[in-house]
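Two complexes are shown next, each including subunit A; its partner changes from subunit B in the first to subunit C in the second.
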Partner chain A sequence: MEFIETVDLKRTFGDIVAVEDLNLRIREGEVFAFLGPNGAGKTTTVRMLTTLIHPTSGKAYIGGNEVGREPDSMNIRAMTGFLPEAPGLYERLSAARNLDFYGRLYGVPESRRKARIEELLKWIGLWKRRDSPVATFSKGMRQKIAIVRAMVHDPQILFLDEPTAGLDPSAAKTVRDFLVDLGSMGKTIFLNTHNLSEAERVSTRIGVVSTQLLAQGTPKELAARYLKPASVFRLREATEDVVQAVDALDFVEEVHVEDGELHVSLEDPQKGNPAIAKAVIAAGGEIEFIVEKEMGLEEVYLRLLEDAA
Partner chain B sequence: MRFEKAWTVAAKEMAEFRSNKYVLITLLLLPLSMAVVMPLALVLPIASQAPSGEPLPLDLPPPDMTIQGETLVDRVLVNASISDSVIRGSVIRDSRVMNSTLVGVTVEGSILEGVTIKNSVIRGSNVIEPGEISGSNLVNSPIVGGESEFVNVILLLLDTFLLFFVIIPAAIPALMASYSFVGEKLNKSLEPLLATPTTDGELLFGKALAIFLPTMGATWLSGVIFILLVNLLLEPTLGFAPLPTPTWLVALVLLAPLFATLSITANVIISSRVSDVRASQQLGALVVLPAIFLFMLPLFGVITLGPVSILGFAGGLLGVNVVMAFLALRLFRREEILVSWK
Partner chain C sequence: MIAEEWGRFTTLAGLTAKTTLSSRKGAVTWVVALLPLYVIGGVIAAGRQVDIELFQILILALLSLVLVVTALVHGSRLFREELEDNTLAYLTTRGISKASLVAYKFLGYYGSALLIVTLPIVATYFLAAASTGVPAAENIEVLGAFVAMAAVGIAAFGGLFLLIGFALKRALMAGLLYGFLWETILPILPGNVPLLSITHYLRSIGKNLVSTGILSQWITTLDLFTAVLVPLLIAAAAVGLTYVLLITREIKSKD
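Showing the complex of A and B:
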């Protein structure tokens, strides 16, 4: 069994299906980005995995413990760290007191707790402000404290629900760098995000979700699996004649003009490109460049969501 | 249940309360104002009306005559020793009267011991452990000891003041619980908290404890201040410190914590189902009704307020508390609280 595994996991709220048919397998040490648009069921999934809410049907296992069953749920809570959507800190208490409270609840012994809190607060650059009430902190500072709050007990798994939401670009970068660091330290991270570049930068594997799991794999795998290769011909002038001539070739699947460039989708560009070039020239086109089309995660993502809709 | 987990929760809550000025004001101002303002406003006027002072230094000469077991009407009695008699419309001076009844009598410079006094005027005399005193005027005549009507009225009045010391522990948790639970909901801090390996029981017990301790601290502190102040004001008049009576002791030691607990469990139930502070406070405040009800009963003559009746009531309350605590735990649905967040 994988470290995190879900089997036909489903959760409804009344008539609303938040997630269904969710089958995830995440290995220990993976940084898994759970990528999906608003309302895709990311938060709902993480709430189920952190034992906060029960699945409507299906099962989920974390480190061999079954979600929603005692004492397994208690074990899961002890071994995971959780950053919810809203930081939910105690505004009246100081940064250090907030962390200390969680350290105690997670059963971190006093001797280790102090050192750990110092280490974490220094890491996020808030050690000097440790005794200020959280109410006096900026949004980004709060988010950082909430992130390290999930780490006081040095958990095996971190569930992070949109950790960079509401952060300025540099703070968001700091957080992403944390995540990369954590990943390289061998922590298993389950990261909810709707930010493509974040998923691409931080994670080892991506699951695209919109109520159902649409795809999972590394960004490269996803591109290879879901996007047809394409060649881009830069022409002096992309005339209607040229488009028609290329479209007439039987191995060409699709042609369109984008920014004056001819985008041609085909199964095997290496085999087809010479014939396309000939057809372009025959139709009076003048070729300046031929390049392979860059396949970003964005195309895959949008395509997946489009297909799902 | 791991007590140290519950205590961790309680300590966190109390740290939050300490920096919440609304909670502090409720905890300090409300009970203390009752403990100080009530005695000053209600007890002081009564105390000042009463004959006051230490027993007068009356040095009676040996009596010229001894009267025992007689009925005397319209007489002038000077330097007499009178016992077990009924005296009407007379004048008594420089005498000692024991275990008698005086009706329409004028007394001066005498010592009245165990005497029932009706429609009389007493001047410059010591009234020691009197029976009933009614329709009379005591001028410069201290009452020393005894269950006079006056003393009884004061004791009864003091017992009614107990109502406040039962309402206070019932009312404070309504406010505090609304900050504790609804506050945590609004603050969204419940979600990460529920993700920790803490059981419902530990969480609820910790939160209840964090409300119970300050509530009882404030109640008992104001109770002690009230007792001291009342004694200070009334001891010179009564010749003894009236508080704490057995009724007071039982009420403060037993009834107050039980009402606090009842209020806490009720408020825990309410605030885990309601999502705004005000609704929680208003519903929670209803818990003071049983307290008021208890103090209405003696007014309608259903029971007399005393240590025994309070003990009985406390026993019933304890039973209710156990049921409520059980209910609070059963009705605490962590998932529902999270999911019904708006």
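Showing the complex of A and C:
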């Protein structure tokens, strides 16, 4: 079942097109990473989906509710949690009071609210600081409070806009671990990020955006779709004769030497590797080992952005 | 449904009232609102009785200042602080309608600001009555007139400053200019010009409610109903306009 769906979603600011022809389909329970450079339209998309701004054209649905239609918007707010770019916590209020305030606005009954706040603050390790004003918290602690604030009413969907932006590496890791935990709880998560390793580690599926959606799928699917398979031949010495011999093979698409290793792009490595090995040996090369080249998300991402540009 | 909405009202109005009454800015307005008490307390301490005439003169002189300062400080910050602290963007995406958001915040302000303004007036009245030995009930309509003026004034000025606070970054400056130039000069100009100031309507409420003292001599053609209705309509229009701004203006998380 599609839990989040956008149809030709578009948003402009004056002459500037922030998001165009966005067609997304995100299933219930998915952790979807929305990946793109700064200014790609990620935040604008989340702001539309969380009913903060209206689309210029196109439609978007969250759990069957149409974004921008007033009775539906209230349902969307009730079923979603949102971590904005800036946490926007009440600095003078304590951590527990911040959560209690939003729990009340959501109409969470007092007994459940108290239990939920205790559960969430214990989960993020801030239960002992529950009565401290948020103004006294570090950036990482505030971010964690802002994330659990989005969960105080136990929403089905979480929109997280750059949850680790501006955090030091250790705080960012804490938040990332936290996102992995959230994913394992079965929540549908829409994660805005420009951090590739974060997207790869946390998400089940990725959408790459640069104003328009460039691609979506699992990292493996994207690699298979956008990158040619390649084999890496570790040689005692990668001589020019060896390179020429391999390059002369019909099925080899590209060959180059990198750190003393021969990188060979080809359609079907399983089929082509024995013939390449023979050609290498015939040219006087000595093979130490052969491995399949790992196709990272980074290569896919850069390739997609390059193509889009 | 009603219980849930009531919960939202008490939460939002409660937080607003708590901030109004207990924040540092709240403390400043308490100090200003207590001015009538200091002045009349000082006059009594100096050995002079404060009769109902003097009570009216002193309260009238101070009420405009107290009303404008209290409404300006608390009305203008209702949304301005939320915008500056980046809390409004989140609040507007949560489980409360924007109409409720504006209305509950305003009501939270109204109740608490009214308390700040009226408590000192009531205390001053009883102090003045005690100084003369006149039974407090004898001039109770004067107290009633001032409380009514405060109740209407806190709504009208608060509504205007709520709107200014949402619309302008320099709300405090704009509010000070309005409160202390417009509202000071216009009520004393001839012709129909005073009708453009809220102060004129407030003093007309007093004129219609009391038969003695300086208030009863206020020059006005307004009846009580009009004098109450117009400022309340101004308040309603300003609150309504703030709602329109909230639904039409796109709130950024980093405004």
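Points to keep in mind about this one:
Keep in mind that, in the parts below, the second predicted complex is superposed on the first by the 305 of 309 C-alpha atoms of A that agree within 3 Å, B and C clash if a C-alpha of one lies under 4 Å from a C-alpha of the other, contacts with A are read in each partner's own complex, and residues count from 1 in each chain.
In this section, a contact is a pair of C-beta atoms (placed from the backbone, for glycine too) under 8 Å apart; a residue touches a chain by one contact, two chains touch by 3 or more.
It should be emphasised that the depicted structure is a prediction, and the values quoted were computed from it without experimental measurement.
Look at subunit A after the overlay: subunit B and subunit C clash there.
A simple residue count on subunit A separates subunit B from subunit C, and the partner touching more is B.
Judged by the touch definition given at the top, the superposed model places A:G14 against neither subunit B nor subunit C. In the superposed pair of complexes, A:P169 makes contact with neither subunit B nor subunit C. With both structures placed on the common chain, the touch criterion links A:G107 to subunit B and to subunit C.
In the superposed model, A:P133 makes contact with subunit B only, not with subunit C.
In the overlay built on the shared chain, the residue A:Y90 is in contact with subunit B and with subunit C. Once chain A of one complex is fitted onto chain A of the other, the partner contacts of A:F82 extend to both subunit B and subunit C.
Overlaying the two complexes on chain A leaves one subunit B stretch of 75-83, 111-119, 129-137 or 291-299 clashing with subunit C, which is 291-299. Taken together, the two structures place residues 47, 50-53, 74, 77-78, 82, 84, 86-92, 101-102, 104-107 of subunit A in contact with subunit B in one case and with subunit C in the other. Within the complex formed with subunit B, the residues of subunit A that make contact are 13, 47, 50-54, 74-75, 77-78, 80, 82-84, 86-93, 97, 101-102, 104-107, 133, 146, 149-150.
Contacts from subunit A toward subunit C in the complex involve residues 47, 50-53, 74, 77-78, 82, 84-92, 101-102, 104-107, 153, 161. Contact residues of subunit C toward subunit A in the complex are 4, 7-8, 10-12, 15, 19, 23, 85-97, 250-251, 253-254.
In the complex of the two chains, the subunit B residues touching subunit A come out as 4-5, 8-9, 12, 15-16, 19-20, 187-199, 334-335, 338-339.
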